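Chain naming follows the written order as A, B, C, D and E, and within any one chain the residues start at number 1.
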Amino acid sequence: MRYAGWPGRRRVSRVFENEQRSLLSLDAVTLDAGGTRLIRPVTADIPLGARTVVLGPNGAGKSLLLRLCHGLITPTSGRLEWLPGTAKAPPRQAMVFDRPVLLYRSVAANIRYPLEATRVPRREHAERLREALVFAGLEQRARQFAPTLSAGQKQRLALARAWALRPDVLFLDEPTAHLDLAATRDIETMINAIHHKLAGVILTTHDLAQARRIADHVVFVHKGKVIEWGAADSFFDRPRAPEARRFLNGELFE
Amino acid sequence: MRYAGWPGRRRVSRVFENEQRSLLSLDAVTLDAGGTRLIRPVTADIPLGARTVVLGPNGAGKSLLLRLCHGLITPTSGRLEWLPGTAKAPPRQAMVFDRPVLLYRSVAANIRYPLEATRVPRREHAERLREALVFAGLEQRARQFAPTLSAGQKQRLALARAWALRPDVLFLDEPTAHLDLAATRDIETMINAIHHKLAGVILTTHDLAQARRIADHVVFVHKGKVIEWGAADSFFDRPRAPEARRFLNGELFE
Amino acid sequence: ADRPLLVLSTTSVENSGLMAYLLPKFEAKAGFKVVLAAFGTGQAIRAARNGDADLLIVHDKPSELAFMADGFGVERREFMYNDFLVVGPVDDPARIAGMTDVEAALRRIVATGALFVSRGDTSGTHKAELRLWAAAGLDPNSFDVSWYRAVGAGMGATLNAAAGMQAYTLVDRGTWLAFRNRRVLKALVEGDPRFVNQYSVLLINPERHPHLQHDKARVLADWLVSPEGQDAIGSFRVAGEQLFVPNAHQRNASRRE
Amino acid sequence: MNFGDVIGQAFRLIFSLDPDLLEIIGRSFQVSLSSVVISAVVGAPLGAVIAMARFRGRGALVVVLNALMGLPPVVVGLLVYVMLSRAGPLGVFNLLFSPTAMIIAQTVLITPLIAALSRQIVEDVWQGYAEQFRSWGIRPIRAVPTVLWDARVGLMTVLLAGFGRAISEVGAVMIVGGNIDHLTRVMTTTIALETAKGDLDLAMALGLILLLMSLLVNALSHAVRRVAGPAASLARV
Amino acid sequence: MNFGDVIGQAFRLIFSLDPDLLEIIGRSFQVSLSSVVISAVVGAPLGAVIAMARFRGRGALVVVLNALMGLPPVVVGLLVYVMLSRAGPLGVFNLLFSPTAMIIAQTVLITPLIAALSRQIVEDVWQGYAEQFRSWGIRPIRAVPTVLWDARVGLMTVLLAGFGRAISEVGAVMIVGGNIDHLTRVMTTTIALETAKGDLDLAMALGLILLLMSLLVNALSHAVRRVAGPAASLARV
């Protein structure tokens, strides 16, 4: 990936900022499926303009939590409120899935499609497409059939495609799982560079070093329950919950 | 993952060992597709009874190389020879893909199916299934529909399913990409514990620290070409190719 | 105005090839085109009632009279006939070959239990068959399916079935002579006076269906009963045999009051 | 024609429980369901093999199979008629004008349809599976039952298409069955007969009953799928 | 009957280039291809919407659609006849016994087939896409063209099934077309006519020609797919 900054944007978190600092608040949100409770009542706040990292072992419920926040699944009970206390509409969001969803089309068509479908002004398409191809390092592969890309190329494409929409909030589910070292660094650079211009970046990762490098705020999930949430520094240095301590030591088994 | 060792096995590499130490040799193997050369002539040897790590940036050709070795794709030219110099049949192999392929069935059925289809003696099925479920940490989820598993659970299931076949050679494509710290450690423990009993473990990873911990032998690929291959220590400490040096520094872009 | 005249007929008229023979002659004279759609008797009459055709040619007197009585037709002209015959397997298990008394022949078929296929579709031919059974003092409703097979199909399909199961059946001569899949079948009983199969042409009531081409229809109907048309009908041959006997001059056109 | 009348007549017919009508409905089902079962047993694996195996002439075979979906019922009827007729090669079995003959004809008619559509459905599932099965060293031919099972939701629609074609066709069963009362008369031949007689209302009422019956079959299969099918709805919460 | 004779006769007929035969073949294609195009334009998006949207009564709609695959051609013919007949609501347009009437009837017949099968094919593609489109905030209805395009390989088989059914059916076109020489006579009605005349050899030869013609259409569509289709063969090297 070659994140090299994009034409200046308004600082979104300022735009949304009010007397409060919360981007999204979850109030007793639960989720049931297949006859079991997958998410036990979550009450938490995602801060505005920050990098929130959702941590937890495999199967904890991180991806489900991201989907709930992004509105892909409706909670069984409880409610979510964007920018609580304001009457503002939810900010524009984009999500990159842990298994990127690519259309059965060329790389370029994969980037172009959401630009067209979400009514990005037509005059910007060419430029955004070019930028996204550079970002993904796929300039030479614009016409390749996307399903034939390598694992890392797929993930890069999905990231570049999401960013081409210039969302205010970015959900990233294990965005660097298949990326090489150089691309991983670029993504981190990008997140660090843009997050303060956005309303928020919410991501998951299993790379704890990466989490330390990125996170302003941590949400720690275990067995479908949010066990701990708050500032990143205090979480990493002085985790309160015993599960969190064991998780950080790589000792927590599902 | 909870790798806790399995009932003793014969030491496979010894069984295959002869006067030579090569598991697989590639002789000027190339691959073309979509009108381009994806793998440029590769001549290399995979040593017997060792942990071989294939390294390289995204899109280098690592996954294609694994597929070629495993026999999933036929080279456009050149040839592969298993246990060169002996008249032995190729050893039994299993591969775990970067995107695990799960059958549209329950977790248990996913493990059971290849046992049945590859004619593992029926009396061993129950025991191997139990072990695989424990290994994957999915005992409680044996009856869950596999496509609903979390990213990490899918990868664990694919690993446990492959291991349940007791192959002599294991191909693992980014096996820990979606695993949490504890599971990653377990996989590494397992690889280190079993590799000397096997004819070989060949894997890819983007986690260079992991590569250092595991590799006996490294194959470094860049732009479809094997640039360097040999003992891991010398590769990590004194990489010869400039690309390898830049790659290890996270400076190599596709 | 250059819409072709649409004639509805029963399938026997089309399958025999008569209309394909007559129409070019007529068209050359009249100067307009005529097209023919063939259906089962009931379906043809139904379509004519709906006003979907300009002229109707059928051979089932009771339904024709009902059509007239209900005010759908203005004129009914009997213009030709052919005859029925009983056909059956060449080995003729009931030994009816050469008989000219249909009643006796039918009774013998019943007595020997030989297979008989009935149209069973209330067509003109089927009704004629029922009349023949009645004349022989028999009731088809009491017949057993083990030998009396009501196939409920057109004449061609019925003949195919008779050929397939080697059964007797009643058929009009036009269809029989044009029929190619005879294989094991053979004409066995013919010449009984009760075998007459009368065809009529029916002009449709312009008050009911003013959109139809009544003038052209009348031209065709007139031609069919004219000496020229009658000659043409009489000269139609299949395999050297005359199929239809023109008889317009013997009959009085029955007009609607 | 008045559609209210037709619907009324259809329901009167159903509730009259006329034994002749029930017999005809029963025979329609017997013939068409038998054909679908046989065609499924032959056609679905055939389609799967073509979807999964790679061999010379495979493309041509797919084209031929797709073209055979356009097999005219009348021609199938004739073919079977010629085979089964006294003078034909299978004449000795005396099957012509029997429900068995109708089952044979419908089976010939819908097997290509089921095979061609199964090929498409199975190919989509197999695309995801193929590498894993090659890795396991399981030859495609041995994986056929597995993939058919895992593709069962899609295949159900294919079987219903086959059933729909069988239960609704008249050309083939008319020729080989002969529409003989109390022997080979089925719903479609009855409808054709009533149409030829000009009793369009009755024909349409019978058509409505036929549709209601196939609605029943479809609803049943839907219910079965909901109960026994894979938890596809769980794939995404 | 001798199959050698039949095949010989079929080829003699083709190479005779008899203008009447060519006219009939041409009309068959014109009618059936028109129906398939209209049915595709209506049915495929309909199937896609049902596959992609979630609404109350969706399950019931799927069942009804599947059941409509069993619509008997004769009943469709009657229905269209009643509509187009002078006595019917559309009588003034004077469409009965015209190729247009035949196109209408076949369209009614195969639209449910195409819609039901498209539903199944699209559902499989959509399953992979759905979350991404929700994430983009694109409503399923707006994604319909996209998904239809990306499912085009599977949909091609569906359209060929529709074409096969249209080109081979006789019940509907016979009733609304009337099998009028030089006006509404098509291959299947000719076959039915020759069958009724007992000329089974000719009927079979015509059936063979019909099959050859649909083979041609299928081969063409296969060629188009190979040239213009997605590089599916590239998905896996």
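Methods note: a contact is a pair of C-beta atoms (placed from the backbone, for glycine too) under 8 Å apart; a residue touches a chain by one contact, two chains touch by 3 or more.
Predicted, not measured: the structure shown is a model, and the values here were computed from it.
Distances between chain centres, each the mean of the C-alpha atoms, put C farthest from subunit A. Looking at A-E alongside C-E, one finds more C-beta pairs in contact between the chains of C-E.
With each centre defined as the average position of its C-alpha atoms, the distance from subunit C to subunit D rounds to 37 Å. If you average the Cα atoms of subunit B and of subunit C, the two centres end up 82 Å apart.
Annotation: 30 Å between the Cα-based centres of subunit A and subunit B. Among all residues of subunit E, those that touch two or more other chains are 87-88, 131, 195, 200, 231-232, 234-237. Multi-chain contact residues of subunit A (touching two or more other chains): 33-34, 67, 145, 148.
Shared interface positions of subunit C, defined as residues touching 2 or more other chains, are 39, 154, 157, 160, 163.
On the side of subunit E, the complex with subunit A involves touching residues 125, 128-129, 131-132, 134-138, 142-143, 146, 150, 230-232, 234-237. Contacts from subunit B toward subunit A in the complex involve residues 2, 33-34, 56-60, 62-63, 98-99, 137, 144-145, 148-153, 156, 173-174, 177-185, 206, 208, 247, 250-254.
If you check the complex, the residues on subunit E that touch subunit D are 1, 59, 62-64, 66-75, 78-79, 81-82, 87-88, 113, 116-117, 119-121, 124, 127, 130-131, 154, 157-158, 160-161, 163-165, 167-171, 175, 187-188, 191-192, 195, 200, 203-204, 207-208, 210-211, 214-215, 217-219, 221-222, 232, 235-236. Across the complex, subunit D meets subunit C through its residues 81, 84-87, 96-97, 174-175, 178-183, 185, 189-190, 192-193, 195-200.
The residues of subunit A lying in touch with subunit E in their complex are 67, 70-72, 93-95, 97, 101, 103-105, 113-114, 117-118, 145, 147-148, 165.
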